[in-house]
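Shared chain: subunit A. Partners: subunit B in the first complex, subunit C in the second.
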Partner chain A sequence: MTTAQSSQSTHVAGAAPRAAGMASSSTAQRWRGFSNLLPALLFLGLFFLAPLIGLLMRGVLEPSLGLGNYEQLFANSAYTRVLLNTFSVAGLVTVISLLLGFPLAWAITLVPRGWGRWLLNIVLLSMWTSLLARTYSWLVLLQASGVINKTLMAMGIIDQPLEMVHNLTGVVIGMSYIMIPFIVLPLQATMQAIDPMVLQAGAICGASPWRNFFRVFLPLCRPGLFSGGLMVFVMSLGYYVTPALLGGAQNMMLPEFIIQQVQSFLNWGIASAAAALLIGITLVLLYFYLKLQPESPVGASNAR
Partner chain B sequence: MLLTPNAMGPRLRIGLYLTTGLIALFLLLPIVFIVLLSFGSSQWLVFPPPGWTLKWYEQFFANPEWMASVLTSLKVAVLTTLCAVALGLPTAFALVRGRFPGRELLYALFTLPMIVPLVIIAVAVYALFLKLGYTGTLFSFVVSHVIVALPFTIISIINSLKLFDQSIEDAAVICGASRMQAVYKVTFPAIRPGMVAGALFAFLVSWDEVVLSVMMASPTLQTLPVKMWTTLRQDLTPVIAVASTLLIGLSVLIMVIAAALRRRNEVSA
Partner chain C sequence: MSAVIKESAQADQPLVSLRNLNKYYGDFAAVDNISLDIKEGEFLTFLGSSGSGKSTTLSMLAGFETPTSGEIQVEGKSLIKVPPHKRDIGMVFQRYSLFPHLSVRDNIAFPLTLRKLQTAERERQVDAMLKLVQLDDFAHRRPAQLSGGQQQRVAIARALVYEPRILLMDEPLGALDKKLREELQDELRHLHRRLGITIVYVTHDQEEAMRLSQRIAIFSHGKIVGLGSGYDLYQNPPNAFVAAFLGNSNFLRVKAQGDAAAQFESQSLAMRPTAGLQAAQDLLLMVRPEKAQALTSQQAMQEPLAAGWNEIGATVNEVVFLGESLTYNVVTAGGTSLTVKALSGNLLPLQAGAEVRVRWAAADACVYSEWSESDLSKTAGAH
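Here is the complex of A and B:
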């Protein structure tokens, strides 16, 4: 089936002659090549868009027509806690991964190329390693009898094992870890584009290193910080695997809530309302992301 | 001066390098840890392990459930890759070469599965397949994986297609090739890096997919991540460390292949 499909696709791809002037009507000319889109369009429409719309409809149709599910989502204190928790975890993760990603991106930019390559490879390796493998590793590392607790106890820093899994700490550590590469990559690209002479000029004009850092370097990094941070925040809102494994019942986030409502309580109405909320927030934030992207001063000057 | 290490002042420089070293260690820690642990002899994942052993590897490869999940993962990933390339190739051609209105909007539509949170796609597709009675089938795995793999494939192919000068294809046509021959013999070889990258992405997305697979899985049909997930929720047996190590090995392998492809591209470009 697949070979038939691919040979057919070759055919349609080839059947899009671009030689102009032969088309009888301008409409036909304008829509030429559109047929190549049809297989993928049909696929996405059938298996992605239709189910998505179907899911979102259930929020206003089940159990009865109306906005009851949405009201519940904001009225029930257990539900609002999930919302609040989702945002605070995503915010915390964004801040921590920015704080850890910044020095790394900075070092990659300024160390000799060979070293920078290695640091970048470490970042990429961590990014490409199976999500489950990394989360499992943290689960073992952070558990009460894990290495970190054992080491801290042996060093005499603590007497009792710290509780670092199945609570907020676990989720924040695990997720910040996963998000660091998504900060480092855009931020490093931004820093790479900064002209070192600008900073030299700041120093020559008498700015102290501190002042130079906060008044010149940091503002120049802003586009990278901003796009990386926003991306991480959006991704954190929608993360399921890591919070489900490293978090506890006390700090459930929206994605886990949606799955729980569907699988355990068969409450599709409330799950759908929560899904709509999550999609809405994601799209609004991404809109800002795209809107603010081209305004980056460094990106603009670097494009030339 | 803040970007030229020698002019930076030793204190700031050493401070930055030290911080960076620690963060790099933090990034490597769980990966190295899990690989070491898979060879450790302790059932309770004591570290450093009291001894070294291959028994978890033996257990992993001797267990028919783990092996079945690896096989399912491979099947799903290969089928997903084939479907994603077959669907993505004509789409990329249409989006790059077509002149019809609404192309930006269509492009946004095709990248939408990258943006919508995975959980929501999983629940939506799960609802559909629940109604059709398709949950727990190979079909449901492949379809759900193709949805999220397709944007990666389309973007990779578009990127290399944009770099390809179409007049070369036209030249082949002028020299007597049919348009199809020209596309097949001239354009496809030229955009092969994009096609290979797209296929690699699709494979990796499918291979590593957890959320969709957990929703589509049945007790009898599980991919490797699903098997890891369900085992993980019961206990933390070192066999999961073996599965993780094999996954890490695969990621490294794919990274090396991707780097080699990039290098070859740079040379040929």
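Here is the complex of A and C:
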């Protein structure tokens, strides 16, 4: 997913000046392979776009024509609570996984090659393990009679078990863990591409290690931080399994809310409005991502 | 950039001195007990093949490597414990290592920004630097949008803008093509003359070293095996390794016969008077190809041998025409292969297989009493 996203961005960035410089005669040339796209387009149109549009239509058609569902979504304090939860959890998860993923990616880059492979494989392995298994294991660790609470109580640090699960704390912990690989992979690729001599150049120019980090290393990591962070944020907005298992009934997130509306209340209208909101937010973020990330400074220096 | 120009009043006082510098990687001595004085304002080149320790020595000067033992001093103060960012040394890297996320202007301004200069003063200095390296028109480009030569100029400007007293250059022109390299070599030489800054330059290209530097230090196996001006090192190499490494050379294995004569393949040769020789001691004579002459038998008959000259007979093996010069590869009766180089204008090319007389002045041949066989091959020097 990482590569798909980043290659997409570079393609879009590179295509604009090229297209501008080209005469219209070569437009045909550029679209020559278009027919190869037809099967995929047909499939997506039939099984993705059509049902999606159908669903979104329900948001403005049911129960009556108009934007009533959206009004309700923003007017009802319980519903806005869900929106707030969704954004704060996604934001918190992004920040935490960036903070944890950055040193990990750096370590993978800095340790000798063989060790880096191992670390990266461990990260990948955790990503490939079943999501349910990983989420349930957090349940085992975090619940009132779980390992962490028992240990802390045995050590006398706490008298009563901490409530770390069936609330937003549990959701944030579990999701941060699940999202770390999505930060580490793009970030590590970015760090790997940074020429270590550039950091030496910074040092000899007079930058202390601290300033060298903030003025040279961190700006060069920006593309990785940016794409990783955005991916985690967008994924977190729409994440279902972990919030459903580790979260509580009081503090729902948007995906849980959508499912509840559909399965329990058969309220297709409000569910589809919420889904449309989620899609809209994602599209806006994607737009900003493409806009703010016109070129990767690291990639540009490597191309030469 | 008049501010960069420093008075070179105490030109004889070394600016930098390296004392018994060692760098070991495990048991391997990358730099083996080097001592060297670098004078203020000089252009000194470390010349050697890869792995000879020249880059490691430069890295220790910059502070990226810590010496295993020994001392680096600048004006008498030790640099060993000073981190790179406090050494106030400029450096130009082999692959430029510009900051890819900054424009040309910001790259050059970077060291000044760190030094918290006033904005107006900073802009003024950056502008002056841009003018010096003739990149005024490219100030707002990113490094990736520049050619290799332009990037190198930015790197030089970035290293010079904070007026360091010492500029280190690690094969800065290695990645450029020949023509551009020669152009930048000339620019660099003029820049050095204009700014009077001390430059320590690392290269494996001896022509570049000759073209640029006032002094050359030749590195081999982590040691400095020759130190002096390019002229001295070429004309009077201190040892057989330097002779083989710098330019082309002919080596004749002889046995001493007194102080100023030696026997070569059952023939007696005159040589430079050399003290402390034992009878029948093995010696090595070195003659530069352009100091030797090849004559046909008739020419040799017409021109009697001048006093202090030697003559040996040989057979032409190969003749190579190089434009301005001709190279004869000849073989003596005893199987010693020699190269004779002559300007092509005034000579008839000899045919392969022809008998020739090879002459040289005894004073032009260097005499070595100690050498190792590996010194004589051109590729020696690396570990």
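As a working rule, the second predicted complex is superposed on the first by the 255 of 304 C-alpha atoms of A that agree within 3 Å, B and C clash if a C-alpha of one lies under 4 Å from a C-alpha of the other, contacts with A are read in each partner's own complex, and residues count from 1 in each chain.
Definition applied: contacts are C-beta pairs under 8 Å (C-beta built on N, C-alpha and C of every residue); 3 or more make two chains touch, one makes a residue touch a chain.
A quick note: this is a predicted structure, and the numbers were derived from the prediction, not measured.
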{"item": "First, second, both or neither for A:200, with subunit B first and subunit C second", "value": "both"}
{"item": "First (subunit B), second (subunit C), both or neither touched by A:291", "value": "neither"}
{"item": "Most subunit A residues touched (candidates subunit B, subunit C)", "value": "B"}
{"item": "Contacts of A:211 with subunit B and subunit C, given as first, second, both or neither", "value": "second"}
{"item": "Which superposed partner A:219 touches (first subunit B, second subunit C, both, neither)", "value": "second"}
{"item": "Subunit B versus subunit C as contact partner of A:283, first or second or both or neither", "value": "first"}
{"item": "Subunit B versus subunit C as contact partner of A:119, first or second or both or neither", "value": "first"}
{"item": "Footprint overlap on subunit A, where subunit B in one structure and subunit C in the other make contact", "value": "200, 202-203, 209, 212, 216"}
{"item": "Subunit A residues touching subunit C - in the complex, by the definition given at the top", "value": "195, 197-198, 200-209, 211-212, 215-216, 219-220, 222, 297-298, 300-301, 303-304"}
{"item": "For the subunit C and subunit A complex, residues of the former touching the latter", "value": "62-64, 83-91, 93-95, 97-101, 110-111, 114-115, 142-144, 158-159, 162"}
{"item": "Parts of subunit B lying in touch with subunit A, wherever the complex brings them together", "value": "1-5, 7-9, 12, 16-17, 19-20, 23-24, 26-31, 33-34, 37, 44-47, 79, 82-83, 85-91, 93-95, 97-101, 106, 109-110, 112-113, 115-128, 143-144, 146-147, 150, 154, 166, 170, 173, 178-184, 188, 204, 208, 210-211, 215, 225, 228-229, 232-233, 236, 240-241, 243-245, 247-248, 251-252, 254-255"}
{"item": "Interface residues, subunit A side, partner subunit B - complex", "value": "2, 5-6, 9-19, 29-37, 39-41, 43-44, 47-48, 50-52, 54-55, 58, 100, 103-104, 106-107, 109-111, 119, 121-126, 128-134, 136-141, 143, 145-147, 150, 177, 180, 191, 194, 196, 199-200, 202-203, 209, 212-213, 216-217, 237-238, 240-241, 245, 255, 258-259, 262, 268, 271, 275, 278-279, 282-283, 286"}
